[in-house]
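You will see chain A twice below: alongside chain B first, and alongside chain C after that.
Moving on to the complex of A and B:
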C-alpha cells in the first residue's frame, strides 16, 4: 500500500503541511491541491479531496469582525470567537474558488482546519457566505429568481450571475440554461449570500419536482 | 448512545443550516427537534415521526426508510473517501420526494435519492460544502 492510499498517512501529511504553513507565516493563495474546489469541480471530482482523518478537524462558523493580515477574526453565532489562520494550504470559496482578497469584514463563513497551539485554527478550507437553501420558486425575472425558504416561507432573492450560475434539472448535468425553471418548483440553491443587500448570488440551482 | 457500525441505509446527503446563524440561515430555526445547530455534528432524517414522513415522503422515491426519532445517532460515511462523521438526528428532512431519482456519484458508483441532511459542521467533516451533496453510507 502506498502512502497515497493510506488514509492515516494522508491525514498526517495534510496536518503537517497545514501546521508548517501556518507556523511559517506562509503567503495566502486561493485554490489548493488539498480541497475546497468550486462546486462543479468538487461534484465531478473522481476522488474526494478529503481523507478520513479530517473528521477530527476543527470547525468554526460565524461572521468576520476583522481581518488582520492572514488572520480572520470571527464572531460565532453563539457568542464564541475564533481566529482563523489562512495559509498557503487554505482553499477559499466565495461563489467560486477565489483568493483572500475577496474576503470582507461582515462576511459569514464556515471554516475547517486544525487547532493550533496558539488558539487559532489553521484553515484547510474556508467557505465564505455559502448557503445551500431548499426553496420554492415564486417568481422569475431575467436576472433573478424570487424564492421562499424555510417553514415560515421567508423570501429571498436569488441573483443570476452571468457565466457563473448553472442549473441542474432533476439531477441532470449542469447547464447555464435556466429557461426550464418554473414557478412553484422546488429548488436547492447553492450560492453566496450578499451581506450588503441580503440577496444570494446563485452558483447552482438544482430544480426538483 | 454511541455511533455503531450496523448498516442502516445509503443514498445522497445534502447540507442545511439551522440554529442561530447569519444571512438567510438566521431564519432557519432550531428544527423539528428544537436542538439543531449548524456548528454541531447533527443531521436531519426524513422519518423522525409520522408528521415528518408525511412531508418528506421518501416512499414516493422507493425508499422505505426506517423511523428514527430525535436524538438517534448515526455514522455517515463518504462512499469513496471513507471519511466518517457521527451525527445526532436533530431535524426532519430532507424533502426526498422533491428530488426522486437524483444521483450523486464518485469513482463511477452512484447513490440515488436524498436520504439524510447534514449540518455544515458534519458535512464539512466528510466533504466540501461547495459540492452541495455527497454519496454516503449510513450506519447505526
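Moving on to the complex of A and C:
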C-alpha cells in the first residue's frame, strides 16, 4: 500500500512473514481513552519516555536547509539548529505514511526522537510540512476547498487529494465521503503544506462541532 | 465614452468608501491596525486622519457626480489614487502586516488587490479629467453601450474588492443546494487506513503497547481481511534495549463507528533475530482488562 516495496519480491515475502507473525499475536479487546502518537500528536507535548535510560523525548521543528544522506539539517523557527538522523525505524509522514525519498530541502518539519551524545536527534517520527488549521469553509470545488483562517480571514486553498483526503463528521470515524462538507462550516484541517504554491493538501477535514 | 462614464463609476466608488470611513462605527478600530498609528503617534489621530480621508473622498465624489465635465474633480481623484498608491507602498515596505484601511470594512493585510484598487482610482481620475460631456447625457444618448460599460466597471470593482465575498457566499451555497456538491462521496471505497489508525489509537491494545512503541505508522498493508499496521519500537529486557517491530492486526472494515470495543492482535518482533517476543503487554504496562459490565 505504501511505497515501501524496495525489491518488490522481498518486500512481499517480508510482509507475508510479518502478517503471519501479527496474526499469531495475543488479542487485546477493549477501548482506551488515551490519545495516540500519530500526526495529531506532533502538536502535543513531547511524550515522556517510560524507559529510565532515556530522560525524555527530544522535539524539533523548523525548515530543512540541507539533506546529507540520512541526516536532515534543520533551521528552527527561533534561530536554533538541529541535525535529525533518520533510521530504518523512523516513521515519515508527508500527507501520508511515506519514505525518506519524499523529503525535500525547503520542507517544514516536526520531529520527535531521542537526543544522541553527538548532538544529533535520532528521530522516532518525522512529520513533514504538517499544518493544523482552524478554518471556515468559503467555497467548494471538485478538487479543492476554499478556506479562510485567522482573524484577518487569511485565504487558504485546500487541495483534495484522491484516495487520501478523508473527512470526519460530528466526531465520527474518518471516511472518504467528503460530500457532507458545507459552505460556512467551521473546519479543522490537518494537511501537508505545499511550499511550491503555498496551498495545503488536505489529509483530513473535521467538521461539525 | 469611457471617459464620460468614468466620473460616475469613480464617484459612486468614492462615495461608498468615503461614507464608510467617515460614518463607519468601526473606523477607529480599523485605524488602530493601520500604519497611520505609527506615523501620527497615536490611534486617535490615526482614526481622525482616516475619517478626514473619508470626508475628502466624499467631497471628491460629490464633485465627480455633480460636475462631471469639470477638470478639477477628475484631477482630485487622480491625486487621491496616487496618494493611496504611495501610502500603500510605504505601508507595505515598512509594516507589511498592517491593514490597509482602504474600504473601511477591509481588514486584510495589504495585498495585490489593494494596489490594483488604488491604481484603478488613479486611472479613473485621469479618465474623468478628460471627460468631454456629462454621464447623464452619455447614458441618455447611448443607453445600451453605457449599461455594458457600467456593468464591466462594476465587475472590475467587484473583482478587486474583498467585501463582495460576503455577497457571493449565499450564491455559492444556493448553487451547491441546486446542483449538489462536486465533492466525492467515496462510495465503494474501502475504509481509509487513517480510520484504522484512529481505531487503533482508541484501543486498549494501543494503550498497553505504549511503553514499547516509539514511531508513528511505518507501514501498512491488507491481507485476507486483515489490516496490518507496523510501528517501530524499543523493548527493554535483561539483555538491554532492542529494536523491535510492533505489529497490530485489525479487521480491515472496522472503524470507531462500527467497533466501539475493538479486538486487536498485537505482536512484537525482534528486528535483529526476526523472532516474536512473547510479552504480556497488559501486565507490562500496568493495565488490566476491565471486567465486562453486564
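Structural remarks
Methods note: the second predicted complex is superposed on the first by the 153 of 209 C-alpha atoms of A that agree within 3 Å, B and C clash if a C-alpha of one lies under 4 Å from a C-alpha of the other, contacts with A are read in each partner's own complex, and residues count from 1 in each chain.
Rule of thumb we're sticking to: contacts are C-beta pairs under 8 Å (C-beta built on N, C-alpha and C of every residue); 3 or more make two chains touch, one makes a residue touch a chain.
Small disclaimer: the values here were computed from a predicted structure and weren't measured.
Once the two complexes are laid over each other on the shared chain, residue contacts for A:173 go to chain C alone; chain B is not touched. Of the two partner chains placed around the shared chain by superposition, chain C is the only one that A:160 touches, whereas chain B remains out of contact. Of the two partner chains placed by the overlay, only chain C lies in contact with A:138; chain B stays clear of it. By the touch criterion defined above, A:110 reaches chain B but does not reach chain C.
Contacts of A:152 after superposition on the shared chain: both chain B and chain C are touched.
Once the two complexes are overlaid on the shared chain, A:93 sits against chain B and chain C alike. In the superposition on chain A, the residues of chain A contacting both chain B and chain C are 35-39, 50-51, 93, 125, 127, 152, 154, 203-204.
Residue ranges on chain A touching chain B, taken from their complex, read 7, 35-39, 42-43, 45-52, 54-55, 57, 59-63, 76-78, 93, 108, 110, 112, 125, 127, 129-134, 149-152, 154, 156, 170-171, 186, 188, 190, 193, 195, 198, 200, 203-204, 206, 208-209.
Taken together, the chain B residues at the contact with chain A in this complex read 14-17, 19-25, 27-29, 37-39, 78, 80-85, 93-95, 97-104, 106-107, 120-121, 124-134.
The touching residues of chain A, when paired with chain C in their complex, are 1-2, 4, 15-19, 21-39, 41, 50-51, 53, 88-91, 93, 97, 124-125, 127, 138-142, 152-154, 160, 162-163, 166, 172-179, 181-184, 203-204.
Contact residues on chain C toward chain A in their complex (touch as defined above): 99, 107-109, 162, 165, 169, 172-173, 176, 181-187, 189, 192-195, 197-208, 210-211, 213-223, 226, 228, 230-232, 234, 236, 241, 243, 245, 247-249, 255-258, 260-269, 271, 274, 276, 280-282, 289-290.
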